[in-house]
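The letters A, B, C and D name the chains in turn, as written, and every chain counts its residues from 1.
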């Protein structure tokens, strides 16, 4: 399949999915439309692979109603190899999410509009990844914005929180669009063309270039959910249906990274050079801040949303490191950093899909996404527990999952950057490494907490104690499990195949310093080797004697099951005695109190007859997003104030209105008489 | 092949010596506190006793109860195999890359933390939470200090670092090298649950970290946990010792060299263990929320080591 | 061909006169729609013909044919959608006919004076339509509309007088647009400058550009839905068309700097007014009115950019905005019918309670906010590009910022109306909610409008030559 | 008719127009303003007639007749019917002194901005252009400062008289069709506003535009 054929297939299937969503009766709608959506995803994968491998550039031209040749050319879809990577990511995530959705989607998410929007959402993302010019890029960008907003609205009638989430999401998305549109307008009018090849060929510099760079960076950073533009993520992801959250988090935000890579590497490389530190800082701070917020939240989907900020932050960190190193002339290491960025993108797509799907299953089974009210699901939901666990390992970057290989590559790039002759590098690299290490450490804690409190221990609420079964006789029930399993296999598979994957990605970027080692591992020439298979063999070799020992001992001393845990004498009392997700994070809230600024309240009410004896002590602690409180809340207040003040303009007095016209007349008369 | 052989020797020696190390440390401490002490071989007897005892499994706990101790044990064995203790040779496909070693250590950490959460007891959760917090906060120091050590060598492979330090004495005493090693010592104490971060011999529930996570384990489960944790101590302490005194390690399979290396390692390790134990006598466990200060301090040391390597090197 | 020139003016006049005279209700209801269809057909015919057609004072070139098509299309949507059970009375139907006739005349006349008369006639025709409800609010709105509109248009008249006076210098004074823009005539520069500026200022009042916009929210919110749709969808555009004509005169004699500067200023001011006043808006019909101000501001910016790209995008935006806005007013009118209140706070859960109203409302809002695949998306991008192309990056930046604020306002209000559980306001008469189920015949125009708002974007084969010719007719070529 | 007579007639008419406009800013009662409007209309008609006579332009003389009929007859009559109906409201937003001062300033402003418009033409007609502009601005001023609906109408008519004056002085009026159309439009606007005034009295109980503040944000 050529890339053009793939794109045409994608569009056809999108149309089919929409039509099916409208004509197929409710009972089979998810199957029909979801199946077509899977087809879109698979076609997207093929498109991407074709784009990554095909030498002649595929071009699909779609005319629009505004005449071309005036600085606004017709829509041009011509995926580059790099765009192909993102096509594959979007397609794969989309296919898995659609498969899951066949079983999961219910209520409004399975309505006509729900499935239509899902298909259109996929189409929009693929258009972005395949766009060859400004207008089609923006077209895809806004298509995915509107479609994802519709999807986000699914549960609006059930949960009032959906509306503010949707407003935040829509506004931040529009901020992203408008800054992109303005930035692109600047670039396009300087290059006298809207096609990306012409823009790249124009070698734009100067103040226009800087302004365009900053605008585009803001646009992409917003979509990528980087701090301080991340505020929509922790609101939108929890409220969307889970397969949609997966799609948003694992695929959509990646397009922000795609944009940043294109911006710094292809469109405005000369301008972005001095801003390497800015990009790096955005990435590093997003990583640390995102994971810190994730580690202390107890809402599972909010946790995953903040973790998305973290992971995208790491990918952008890699881009920033690559820029810095390339500025310093260390191109070989810079290439490794950029490959690490792509690896991080791919691996995050894999594990975050599974995590959100797992969260969806939990939500489906218990109606809860608050970790403080979950627990013990490993017994009723083994498949979800396994897949979620594997994905959590990926998120925590433990060997030999996908996340591990990616972060290892980035760390290698960091420590092999030579800061001896370059004061910027000498300071930036260690700081980056330190914050990144903190990020990794907190990530570990976060996912231990998420997995441990959701799946292990005892149920902390009635809903968690009696969850809906994992598999039912409903058609499509198996689809959820299969989708999660495919995702989990991908997490492991990407970890094991890190060599070929990294080699493929580096060839996309045109680098040669990364090869596949003899055993199929990843070799960074002159730097080091990471061989998951050999590591696995070593582990097996060491596990073998242990296993033998276990077998011997087990035969001699059998295990006894008791109905009581010890717990230092605290026998099986109420599950309220258990550590919850909130208590798990309590030490962190204390340690990072300065950065998190939790609000605490302590209410003590005394007995009526004796004011010394306490009747009831209520303690409440809340951690809000400090960026939101400090930056966004005042902005919202200011806007509201401005809106209120502006109402004076329209106060109903006809004299005031006439006064406006009169003033305009006087001004125009004066202007006219001026020479 | 030779390298593999050497690694096997290293694993066997280290595993065999580990209970002795603990025994020595406890005995030193007992004597300095004026107690008789159980003797240096007590840990061997403990392990044997635990293996013979019946393990319990509380209703409601999951497979983690059984799997986690084994995962900890295997991960610790892997660390022992990867870190240059007796030999600087390593299996070509699995170089003892620092980042790989750290992430394998983390697998053990995670296994322990999940074990703590598994039974759903208050103390298990508490221990798990604190354990993970310390692990998270230690992470920057670990990576930073070895980053500092890797800069002069241009590689994050531990054996290369040790070899390079051994080849050039001046490297050992550079400010950067010293700062990094001191930082690493703090890290090791935190990672292995020694004073002043955790008290391995405490029985006060509220101060426990490591102990509270393994409360529900008994019999062989507990044996795996104990051995696994001890092996971590051996590996990390051995690594620090070899970084500080990078001599005597075998890089070939000559029987004499290997013998010398084994003896040198045992001596260095036991002495270091005794020193740590002696130091612990004079120390109190710090409050949990003072631990971050300690770790921040060690992070600063490591950071200075890095910048010193760049700017002064 | 000249028949297509006369039909749009004569048919509404004659039919309007007939129904005003006969007072027969059954017949009258459908007359405005028939008239609209005639105008649309003539517009299509003229556009398809693609040549300049002249007859007496009437003249259709590419620009006027295109705008006539816009008038017809929007009128069809608004009037078809407005054929509700609570139809307007016969007098109103006659006035709508007069209104359409006046707009057709304004678009098709070659003479600036006649154009002015026709535009002033639109005020006269719509005055009682705005005040139709007879309530305090309606009377107030009508008063403000007529006073502010007439004063504004009077200023435009002054401008036209001055332009006419300036043409005396050439010996044969004329108001013919063709004569004024042809190279053969010379205008005295000072008078022409003042005349053009005042004419633009005056017509800008009618086009709803800030700071002369004040009548617009009142009038649009008080008029019956189809009339609001017509006013918002095309009356503003017709006024903008007048500005385009005057601008072309200016371009031919005194340069474009003054007019473009005015349009940029008005455009940005309009965006600012719309942005700030949508933020705390409490009435959804006013919200739509402010959105019209916003879109006229965008069009003004497109024209003010001075590039052919900007001009074509502005022309296309007129059509896209007009059709969608007419549909939106129709929907808003139905919402008002079923809820009995135009307060945003009193409408919730529209998607659940009345999906047949909620979805069009949401989709239409998306179109107004400039989401693809609606044509507004492409035109807004094109106008931003056009602005930066001529170095007006500051205007592009300010416009983007103001568009964001407008987005915040509109998105918040629209979502608060559309979303939510259906039973939040049980007291607000649920019986009314099921009473008015419009037939498929009356929901069709909204769907058609929204679909065509999207389809226009990709009808390159149709619109590229038309827009090119329209821009060329205004003297702006590639 | 000789040139000097034309010139003096034109000058006198212009003077009368300006004077009545200024007086209108001074008068408090709407009824008085309407009476002044009759004088203004007659002056305008005189001006047109003088111009027409001097050029021997019959068409212009017809226009003069129409102007006299509409501006001095129909419009004041339509306004007066409303004005006489129980209308003795104090309706100026500013004190008469300020109103007069404003008119003075606007007249000066009109002269300042109109001067370049003349482009060096020194004829009596051309020199009268600023007066026309002044009338426009004063009309606007009346609209701005008056509370009663009728006074606002008066302001609108003054403004329109100003425009007509500029039209006649600069170019002997517009083409007849346009001129008639424009006159008709203005007449209709005034009729509509008068109807609205009646309706306003019914709905609001007064004809003060200050009561029209229900529609606001």
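We adopt the following convention: a contact is a pair of C-beta atoms (placed from the backbone, for glycine too) under 8 Å apart; a residue touches a chain by one contact, two chains touch by 3 or more.
Being a predicted model, the structure only gives us computed values, none of them experimental.
Trainee: Counting C-beta pairs in contact, which comes out ahead: C-D or A-C?
Mentor: If we tally the C-beta pairs in contact for A-C and C-D, the bigger total goes to A-C.
Trainee: What is the distance, in whole Å, between the centres of subunit B and subunit C, each centre taken as the mean of its C-alpha atoms?
Mentor: 77
Trainee: Please report how many Å separate the Cα centroid of subunit A from that of subunit C, as a whole number.
Mentor: Roughly 42 Å separates the two chain centres.
Trainee: Could you give the separation in Å between the centres of subunit C and subunit D, each centre being the mean of its C-alpha atoms?
Mentor: Measuring from centre to centre gives 31 Å for this pair.
Trainee: Hey, how far is the Cα centre of subunit B from the one of subunit D, in Å?
Mentor: 99
Trainee: What are the residue numbers in subunit C that touch two or more other chains?
Mentor: Touching at least two other chains: 143-144, 147, 151, 155, 194, 217, 277, 280.
Trainee: Of all the residues in subunit A, which ones touch at least 2 other chains?
Mentor: Residue numbers touching two or more other chains: 646-647, 649-650, 654, 658, 665, 669, 672-673.
Trainee: Can you list the subunit B residues in contact with two or more other chains?
Mentor: none
Trainee: Using the touch rule from the top of the page, what pairs of chains touch, sorted by label?
Mentor: According to the stated criterion, the contacting chain pairs are A-B, A-C, A-D, C-D.
Trainee: What does subunit A use to touch subunit C in their complex?
Mentor: Contacts found on subunit A: 62-72, 74, 113, 134-135, 138-139, 142-143, 145-146, 153, 156-158, 160, 162-163, 166-167, 170-171, 174-175, 178-179, 181-182, 184-186, 188-189, 194, 208, 211, 639-640, 642-647, 649-650, 654, 656-658, 660-661, 663-665, 668-669, 671-673.
Trainee: Taking the touch rule as given, give the residues of subunit A at its contact with subunit B in the complex, in rising order.
Mentor: 295, 375-376, 378-379, 393, 396-399, 404, 408, 411-412, 414-416, 419-420, 423, 425-427, 430, 433-438, 440-442, 444-445, 448-449, 451-453, 455-458, 517-519, 521, 527-531, 533-535, 538-539, 542-543, 546, 550, 553-554, 556-568, 570, 575, 577-580, 583-588, 590-591
Trainee: In their complex, what parts of subunit A are in touch with subunit D?
Mentor: Residues 646-647, 649-655, 658-659, 662, 665-666, 669-670, 672-673.
Trainee: Quick one: in the complex, what on subunit B touches subunit A?
Mentor: Listed in rising order, the residues of subunit B that touch subunit A are 11, 51-64, 66, 70, 73-74, 77-78, 81, 91, 93-95, 97, 99-100, 103-104, 106-107, 109-110, 113-114, 117-126, 128-130, 132-133, 135-144, 147, 150-151, 154-157, 205, 212, 215-216, 219-220, 224, 288-289, 292, 299, 303, 306-307, 310-311, 313.
Trainee: Quick check: in the complex, which residue numbers of subunit D touch subunit C?
Mentor: 116-119, 136, 140, 143, 149, 152, 156, 159-160, 162-163, 166-167, 170-171, 174-175, 177-178, 181-182, 185, 188-189, 192-193, 196, 199-200, 203-204, 209, 212, 214-215, 217
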